[in-house]
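The next part holds the structures, each set out as structure tokens.
Below, subunit A partners subunit B and then partners subunit C, in two separate complexes.
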Partner chain A sequence: MDLVLSLILQIIYGIANLALISLGLAIIFGMMRVINLAHGEFLMLGGYTVVVATNNGVNLWVAMLILAPLVVGVFGVIVERLLIRWLYGRMVDTLLATWGLSLLCIGLVTSIFGASTTTTISPPLGVVTIGEYTSSGYELFLIGVTVALLIAVYATLKLTKLGLLARGTMQNSDMAAALGVSTSRIYMITFGLGAAVSGLAGGLLAPITGVLPTIGSVYIAKAFITVISGGMAILAGTTTASILLGGVNGIVAFLTGPTIGEVALLLLAIILLRLMPRGITGRFFKKSL
Partner chain B sequence: MKIAQDFRGSVIVAILAALFTLIAPSILEFFTIITLTQVIGLAILALSLALVWGYGGILCFGQTAFFGLGAYAYAVAATNIGGSTGAILIAILVAAAFAAILGYFVFYGRVSDVYLAVITLTVALILYSLIRRTSGPEYKIGNALLGGFNGTGAPPINSPGDGAAMLFPEHTFYVAMAALILVYLLCGWVVKTHFGRVCIAIRENETRAELLAYDTRLYKLGIFTLGAAIAGLGGVFFCVGVSRVTPDVFSLSQSALTIIWVIVGGRGTLIGPILATFALYYLTSALGAQQWLNTNLVLGVILIGFVLLVPKGVIPSITDWADGRRERRVSRSRERRMRVRRSRATAGTEAAE
Partner chain C sequence: MQFNRRRFLTAASAAALATPAINRRAMAASHSGPIKFVSILDQSGGLDIYGKPMVDTTKMAIDEINAAGGLLGREIDLQVFDPQSTIQFYTQFATQAAAGEKADVVHAGITSASREAIRPTFSRFKTLYFYNTLYEGGVCDLNTFCTGSTPAQTVEKLVPHTMGKWGKKVYIIAADYNYGQITAQWVQKYVKDNGGEAVETEFFPLDVTNFGPTIKKIQAAKPDMVMSALVGGAHVSFYRQYAAAGMNKSIPIASTTFGVGNEHKLISAEEGDGMICAYSYFEEVDNAANKAFVQRFKDRMGDDAPALNELAARSYEAAYIWAEAVKAAGTPEREAVIEALRSGAGYDGPSGRVAIEPKTNHANQNVYLAELKDQSFNIIETHENQPPTDTLLVCDLVADPNQSTFKFENGLEAAGIEL
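And now, the complex of A and B:
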């Protein structure tokens, strides 16, 4: 019983982790049809923000929950204005330019902080015991944050004026522009918000994974698979894909070890794409967010 | 006529490259020759992407997956067989077979190009993390340990049929260069065949090609598999040049470099990406030797700069510029001739009056 409970908890954490690292990418992809290849570096910058801030005496929670999204969000807006703006409608060039940005970020951070970091932050919140098994309290906290984040994105899209304009732009940008919506500004804001969510995720994961200039490549494979399997709908896509892929990954990893778990995740995604080339939300939950 | 002319260009390049091959060992240092063998492997990789992306229009961001699979397949097979000739064939077949299976899923699923880019990249990244975890003694294929993070040794090439007759580094260089030239001519020939021209038509307008009753999925799968086979051969020469294969062949930075070579050299040419590979290899080695400027930083700036400012790449930009100049010169001289004739005509009528 305890084993089952702790296994279920582990799988739920795997799903939440997948949703957390993919959400920022999904927001940008869902809004602009742009796959941001610098997504991993946005996560990495979030992690570095937390490390630098805590080294300078800032409270860990403030650094993770406020500073990391703020810094990376501002960075995202700058990137959108300087780089992405010139490439709208040229998807392939956007991919390549964001890849260039990814290399640039890795290079910059390596030049400033060195190829490895000396400081690591230990995850706060101790351990939680379930019968004879223990689980990290911080992992439970991350599950909570992910759920809260998904609800927050839903509420923003559904209840605020900005969300309404963003949804309009997403559905038909020409029509939105004809009705007086500044689509360029909407794109700027969504790119900034997507970056901020990525920064938050990177900051939250920093205590678990540590930070390195090249840590982005650890996340991006999983994030890409999740977002592409999910399809265009930001929330429904990320959630369903995370549940499906994270669930399979968790079960296979429990049975055979983490290596095969990741391969299972990839195989499942490729088979999914053969059946549903436009992602899960291209076939099911079409009207969802 | 045009086709014969274009192919003549490829033959001239091939002859120049062959001349270079013959004189290289006498003018270059021994160490440079060994390094060159690695770079030739990378150039073959660039050539494969030039074919798949530049001519097939298939945005394969993970061409290194096939390159790395070729390298690993060669190392494992050569260790087990004890000879390199069969191992090279196995490497090419493994890379091509993997691409054919992957290609079946993505092309027959009609995955759009951006998705395809990300999926191929993801495949390379998954292979990277998979092969890095194979460090224990239980991960072995036949006699070859996969070796995880440290990789596995790649035996040198030997003369066909005689496993003990290892080639000297100069001779390996000759073999690699010959392979590069042959693959270059093969690619130049393929893009001129019916198959190649259909692939180019699909790149230009897939719907139109399909309405003309070409099975675009099959053509794309074909050129994708051919590209992967070439990339696998590139992997063989790379790992022979390094005499080792490590998981880094699958890494994100290797994939990025491959894309940069093709972008800088230019899509739609074969020689451009090859030259860009040599040039950028020496640039990155020079950058790696100093401290104050990070290599990734420079590569990132190069990639962004080319996408924003020189999206066609160096070689197409030069040929466009030269063509434009020639056209302007021709039209100018034609104009001058017309003016002279006109003034002569007016002079003639005046004299008659």
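And now, the complex of A and C:
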């Protein structure tokens, strides 16, 4: 019983983890249709912000929750102004440009900080005991943060004026411009927000993963698979895809082993896209966000 | 001391235009010019955490030899290629080094996959080849010298020590490629030989970062210890999540791979304390040669100096082993150097004495067990002059020098070793 309970908790964490690494990409790729191959590097930059800031004496929570999204968000705005804004509507070109950006980020971080950087942080919040089994308190915290983040993005898009303008601009930018919206500014802000969410995710994962210049490549494939399986409605899509893929991955990994667990995740994504080429929200929850 | 072929040709052709007299001298120089030493190691991409320190120490060794007057009165020309963690570039640069540059010796390769991609090239072009990474053992090739430690040297010492200390039930986790698979088999064998039980063996693709389900399985299996052969940046997550669940306090970890990519700097002191690892070199090895080596390296690299590990130290020592053999042979010519290497060539370096073992072209070397404390290793056991007994089981180049194979290509059973 204890095992089942702690295993369920573990699987929920796996789902939250998948949603967390995908959410920034859902905004930039799902909503703005920019194939951001530098998404993994946005996460990596968030992680590096935390490692470098804490090495310089900044409080871990401040580094994770404030500095990481801020730094990567500003970086995202700069990237959008210099690179992405010339490429809207040209998906294949954004693919090449952001791939180049990804290599540039890895190269820059490696040349500034070296191939590996000493870290002093460890996951805060201690251990949660369930009978004979123990789980990390920090992982529970991450589940909470992911839920809060999903709600915050939903509220921003649904309830604020900015969210309305953003959704309108992405749907029909000519019409939005005709109604007096500065679409260029909206694109910039939305891209910056997507980058900030990625930065926050990277920062939050820093205490429980290795932070290296090349670590982005580990996240990129899973993030894309989740967002594409999710389909057009970015929040409902990312959430349902995370639940399906993360759930199957966790259960199979526990029953058989991590290799088959990864295979199961990929196989499920292939089957999903074969049956629903426009993603889960191309068929279900069509009206959702 | 950058003096590559292109610059040489530019200089030579400029000289040719200047005066015929200088031209003749330039021609003569090209016959007894610098000795060519090529290094092919990843300095970018996922393997750069291993490759960069190896290149740094190789450069240091060659600079030192050149500063001391070179070899046989000739300068060593070091050329470094970066295959960018891509096998395709390995084969390309290997061909370029062997056929184009006509290198006198090539030190190359980090993963076993890269070694197996380029080893045949060097055999075909008759170019002397050194592989300086610790690996799973089993290469049996007259032209190839494997100077790193193998499982019989490290796992054989690590398993009985940690089982004696922590208990007999061992949970094995390893990276899912040939190094991890074969090393896991060696661990299973030595656990059994020492009267223990391997309760579970799990393999992980190199890009897994969520180890939650496995940590739950370890809690359910209740082993006395975990033996890890995880590899690469993504797998560092295991040690962090293991500590986050409070497991490092109850079930200790031993590893044959942790630390060689300087992982002990990537996790905090409280997460890593108490882990026990085995290598043929640690930066903390206590001898005069090592202290001087570490100091020279730090002076040279400044604040950017990475932590030194077996890969970096062995790359340095292997350059010297080759240099000693060239001196003994009196020529950098391949057959003579191989002969000299196999007649007991060795070097007293930072890790102690490393000497070529002629039956396998591997190395007899010291093996150290160390415990991690505050992001550095404390040496707890030293085993001197350990032979590569695993490769000795399957390889005898003295009896039959005409061999060029990798005996453990399909695991230990393929080589007739019982688990």
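In this section, the second predicted complex is superposed on the first by the 288 of 289 C-alpha atoms of A that agree within 3 Å, B and C clash if a C-alpha of one lies under 4 Å from a C-alpha of the other, contacts with A are read in each partner's own complex, and residues count from 1 in each chain.
Here, a residue touches a chain if its C-beta (ideal position, glycine included) is under 8 Å from a C-beta of that chain, and two chains touch if they have at least 3 such contacts.
From a predicted model like this one, the values you see are computed outputs, not experimental measurements.
**Student:** With everything superposed onto subunit A, say whether subunit B and subunit C fit together or clash.
**Tutor:** Aligned through their shared chain, the two binders clash on subunit A.
**Student:** By the touch definition at the top of the document, which applies to A:91: first (subunit B), second (subunit C), both, or neither?
**Tutor:** Once the two structures are laid over each other on A, A:91 reaches subunit B alone.
**Student:** After the superposition on A, what does A:116 contact: first (subunit B), second (subunit C), both or neither?
**Tutor:** Once the two structures are laid over each other on A, A:116 reaches subunit C alone.
**Student:** Return first, second, both or neither, reflecting whether A:259 touches subunit B, subunit C, both chains, or no partner chain.
**Tutor:** both
**Student:** Is A:105 touching anything from subunit B or subunit C once the two structures are fitted on A? First, second, both or neither.
**Tutor:** It touches subunit B, and subunit C stays clear.
**Student:** On the A-aligned overlay, A:133 touches which partner chain: subunit B = first, subunit C = second, or both, or neither?
**Tutor:** It touches subunit C, and subunit B stays clear.
**Student:** Based on the superposed arrangement, let me know which partner A:273 touches: subunit B (first), subunit C (second), both, or neither?
**Tutor:** The first partner, subunit B, only.
**Student:** Which subunit A residues lie in the overlap of the subunit B contact set and the subunit C contact set?
**Tutor:** Residues 106-107, 110, 214, 217-218, 221, 258-259, 262, which sit in both footprints.
**Student:** Applying the document's contact rule, which stretches of subunit B touch subunit A when the two form their complex?
**Tutor:** Residue list for subunit B touching subunit A: 59, 61, 102, 105-106, 108-115, 117-119, 121-123, 125-126, 129-130, 133-134, 251-253, 256, 259, 263, 293-305, 307-308, 311.
**Student:** Can you tell me which positions in subunit C touch subunit A when the two form their complex?
**Tutor:** Of all residues in subunit C, those touching subunit A are 44-46, 48-49, 52, 176, 202-205, 207-217, 219-220, 233-237, 240-241, 243-247, 261-263, 265-271, 304, 306, 375.
**Student:** Going by the contact rule set out above, which residues of subunit A touch subunit B in the complex?
**Tutor:** Interface residues on the subunit A side: 33, 35, 83, 86-87, 91-93, 95-97, 99-108, 110-111, 214, 217-218, 220-221, 224-225, 228, 258-259, 262-263, 266, 269-271, 273-275, 277.
**Student:** Which positions of subunit A touch subunit C when the two form their complex?
**Tutor:** 3, 6-7, 10-11, 13-14, 17, 106-107, 110, 114-123, 126-127, 132-139, 207-215, 217-219, 221, 250, 253-254, 257-259, 261-262
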